[in-house]
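Heads up, the next two complexes both have chain A, just with different partners, chain B and then chain C.
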Partner chain A sequence: MTFSMQRMYAIFVKDLKELSKNTFVLTTIIMPVVLALFFGRGDAVPLEVHFLVFNTAFAAVAAYIQSVAIAEEKEKNTLRGLMMSPATTVEILTGKSIVSMGMTVLTIVLCIRLLGFETANWLLVGAGMAVSLVLFTAIGTLIGLLTRTLMEASVVITPFIFILGMGTIFAEMLQGNVILTVAEYLPNFQLEYLAAAVESGAATGEIAGHFALLLGWTAAVIAATALVYRKREMGSE
Partner chain B sequence: MNESIRVEGLEKVFGNERAIDDITFSVGRGEIFGFLGPSGAGKTTTIKILTGQLRATGGKAEVLGIPAEKVNTPDVLGRIGVMTDTSGLYERLTVYENLAFYADLYGVSNKRKRIGDVLDAVNLGGEEKKKVSSLSKGMMQRTILARALLHEPELVFLDEPTGALDPVNAKHIHEGLKELNRNGTTIFLTTHNMQEAELLCDRVAFLNGGQVRLMDNPSVLRRQFADGTIVVELVSGKQVSLPNRPESARKLHDYMAAGQVASIQTNEPTLGDIFVDVTGRELA
Partner chain C sequence: MELLSVIKLAADRPGADPGHGEFTIEMGKGTRTAVHLYPEVRQKMITRLTGRGKKGSFILTADGKDCRSGSRTFFEKTGFLLLQDGHYENLSVKDHLLYFRRLYSSALGLEDAAGLVQLDRSLSVKVRDLTHSEKLRLRFGTLLFQAPALFILEEPDQNIDLETKRILVHAIEVLQKRGKTFLTLTGNMESAFTFGERVYRLSDRGLVQVITESARSSDDQTEESAETAAEPDFQFNKIPAKVNEKILLFDPPDIDYIESHDGQSHIYSQGESYPCVFTLTELEDKLRTFGFFRCHRSYIVNLQKVSQVITWTRNSYSLRLENRSKSEIPLSKNKMADLKAMLGLK
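Right, the complex of A and B next:
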């Protein structure tokens, strides 16, 4: 298995150029920044709101850009050319992932500034966010493999943005409801609880539990993506 | 190795449809080989198998000495160029950006100059800065062709390369392909345009219903299928058809002696006529 940095970099540059000219996608990925601007005006922004914005950034930026970048290669018949070039699937997906992840990191940094987010332990919270970033990029890859057009990917991503991005906002409403008991296992809730546990100085075991769940989600989605990829082969009809 | 492509008893079954049913041919190094057949004959499917995009369900195929199922590696793919009827471009990017991306994928050195050269070859010189979304269909097709030739491949597969082109641009492409071939590139092309095949190809294969019905040099085929009939147009405007028989010689002599001949034409069949003859089907 060969891996060429040069080819991966070429794909990264091409995808970045395409993204910068895709106004439809750009208007979606500024959503978390708009949320941060809106909430950042209050004096003391609660932890839940910070993570609502961060999780929205993961879903609307990382997962969405990744899914569109893959689906559109199928829609415009450009994937076939790529598959017949020396570029390997790993190079293609890595180049795309760097664009999706890079844009997400920029968005999150901007949101942290706008919201004035602080934490007692950047290392732990940062690690949790890094795992989430990988998880949501994998979700985007999976959606990209399963859809065939930009529009399809944009429709499929919507429930993900609402549930895995903004879902934590409904926690108050669902208090005592069985749905919440289940929903609490979702990765966005886990990331928020992880940060809350770090803030309140909870026992190592509790923090490790949230990490384990986040990692479990990530492993499961990556496995599902690999499975779908094998079944479909990115380029075949 | 003097063969660029070798195919033996190739077969591809989709569900219960035999798209390719026992095809055998080989393409010599430096040859222009034409795969001719009507829509649905199995031309694109053959190219997909030879470029590692599809697996055959039977038979053997080798490309540049490598089994078709192992073509799908960066090394081998870097030595071939492919233009299919479903190749696409990045519409938000310019012609230059599209080609520069592929130049980087193929590790083309001296990128700027090379892109200028291939664009000239497809009659798109000076169009570098145009956005792909603003191009006509023919210009897109020529950009895709330029992209397939960018890395100076040893072997190119062209699936109906002039399908969307007007005669002037088709002619330009034909000259470009001949030039490319003179410099040693092997060309495998599919078409349902018989004139194109006649003009370009060293050898053609007639494909119909997933099988090769006939394969040879176009002029050899025409000679083989010619019946030697001569058509004489007389000064009076009357046309006389003289079959290839001794008594025709006497008739022709008489017409000429009497000064009645306005023109003489041989009745050679075109490749299109031969195709209909052999397969009982029209091409386009």
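Right, the complex of A and C next:
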């Protein structure tokens, strides 16, 4: 079975057109932009707020669009036709991922402009963001596989947007609480700590530690997605 | 006849219901076959035909090679037109077709496909704004890009308008000439006769071929020889039908049409069907004077109730009745000439 660019491109174009006309999806993805507009008005934006917006963008755009793109095919009964077509799972998921990742990158770039985000080392922070992008897309795939309709996906994504997107905002409230020590290992905290470590010029070991945790999360979610996919073929319920 | 495909369904539980029995349908290349079956059985068959993975129990033989349902080659060779299939509602007709054209890397032109299903004038319309019938045509149009050897159609003419049915029958005829094979699964005898040259009936007794016009001539004579019963002394015009030990008597003008299946004739009157003790040949004789017409091997129709003669293609006709459900009755090719003579047309 060969990988066909044309088939992947077909799925990419179709999903892009289909999703860009879905008002329900569009209202969700402007959420991080609204946040950025809101926080960007202040003079000095703290690092926590920058990453609150970025993480929200990952959860609300990358994960959400990916899950919707998969769940909606099930809801509209189009997935069966797609599964019977010569398109392979890799082509289907790549086509869809390019859409959600592309939209996320656009949103993040827009947010960076609005917030005026600067960092000492773009390479390291950018790499951290790239890993996060893959991680959240994988989370979206997992949710898409487990849910059946657009509505269901939207409901299931909400806690992810709150915890993985805006989770860092609650850190203040939970100061000293045991939950926080656990929560600090979540990928959004790790991304923020990574950026903070880069900013303060911390030792390479510390940066590498945060990086390893992010990669670990990504590997774990991809493994879980592959497992779920094997267990239940996308077409059958 | 070049044999294209044999769909063989292996029994997975002996003695189970009809959808599970073992049967074989032989289909020549460029032929149309229809199977008349109950909705539950149809759904079961569709689920098993479209199911993926190891459980595939249908075997399609094409070009001397076997492929099991669920395998990739099986889905390459068979295209499905299913009731449950969905659409990308937010796309335009053009984008929708373009998507499938790319998906199947088809060389067929977009305009050609749209033209065959007559959607070429609504290419910029959004799919969500299409009527139910146009959506069916769109689905059929996307199948053209796949260009499978075998088309499996599920209830193709359910709830669609006359225009769409005509377009569909025409498109099928065009494809048939190019050597495509069609298998229609339907619960409606009339559509089975419209979409199938050969018609089977799948019931508790397994798969039985329904005799159509072509298989006719030989057993006609045997029936006619049995007709030499003594003439009755008086003329009695009502037609008896049995319902739960009761005998109902029908006035011939109240009867819409009479259908024969499973060796039993059924009288249709005011939307209900009643089994009748007489055979179609006996009834044809009794009812001839009341303006009844044997329009098909399995049908007698009350000509007074016919409102329209529909011509699908040059060889395929139906009669539409003016009863409440607007029933359609198949009219066979050689009976068309008789009907024209009766109507005083040439």
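The criterion applied here is as follows: the second predicted complex is superposed on the first by the 235 of 237 C-alpha atoms of A that agree within 3 Å, B and C clash if a C-alpha of one lies under 4 Å from a C-alpha of the other, contacts with A are read in each partner's own complex, and residues count from 1 in each chain.
To be clear about the criterion, a residue touches a chain if its C-beta (ideal position, glycine included) is under 8 Å from a C-beta of that chain, and two chains touch if they have at least 3 such contacts.
As the structure is a computational prediction, the values presented were derived from the model and not from experiment.
Engineer: Should the superposition on chain A be reported as showing a clash between chain B and chain C, or a fit?
Structural biologist: Aligned on chain A, chain C clashes with chain B.
Engineer: By the touch definition at the top of the document, which applies to A:14: first (chain B), second (chain C), both, or neither?
Structural biologist: A:14 sits against chain B and chain C alike.
Engineer: May I ask you to decide whether A:176 touches chain B, chain C, both, or neither, giving the answer as first, second, both or neither?
Structural biologist: In the superposition, A:176 touches no partner, neither chain B nor chain C.
Engineer: Using the touch definition from the top, say if A:2 reaches chain B (first), chain C (second), both or neither.
Structural biologist: first
Engineer: With the two structures laid over each other on chain A, which partner does A:201 touch: chain B (first), chain C (second), both, or neither?
Structural biologist: neither
Engineer: Could you look at A:77 and tell me whether it touches chain B, chain C, both or neither (first, second, both, neither)?
Structural biologist: both
Engineer: In the superposed view, which residues of chain A touch chain B and also chain C?
Structural biologist: 4, 6-7, 9-11, 13-14, 17-18, 21-22, 76-78, 80-87, 235-236
Engineer: Provide the residue numbers of chain A that touch chain C in the complex, in ascending order.
Structural biologist: 1, 4, 6-7, 9-11, 13-14, 17-18, 21-22, 76-78, 80-87, 233, 235-236
Engineer: In the complex of these two chains, what residues of chain A are touching chain B?
Structural biologist: 2, 4, 6-7, 9-11, 13-14, 17-18, 21-22, 76-78, 80-88, 235-236
Engineer: Flag every residue of chain B that touches chain A in the complex, lowest number first.
Structural biologist: 51-54, 73-75, 77-78, 82, 84, 86-93, 97, 101-102, 104-107, 147
Engineer: Quick check on the complex: what are the chain C residues that touch chain A?
Structural biologist: 50-53, 72, 75-76, 80, 82, 84-91, 95, 98-99, 102-105, 142, 146
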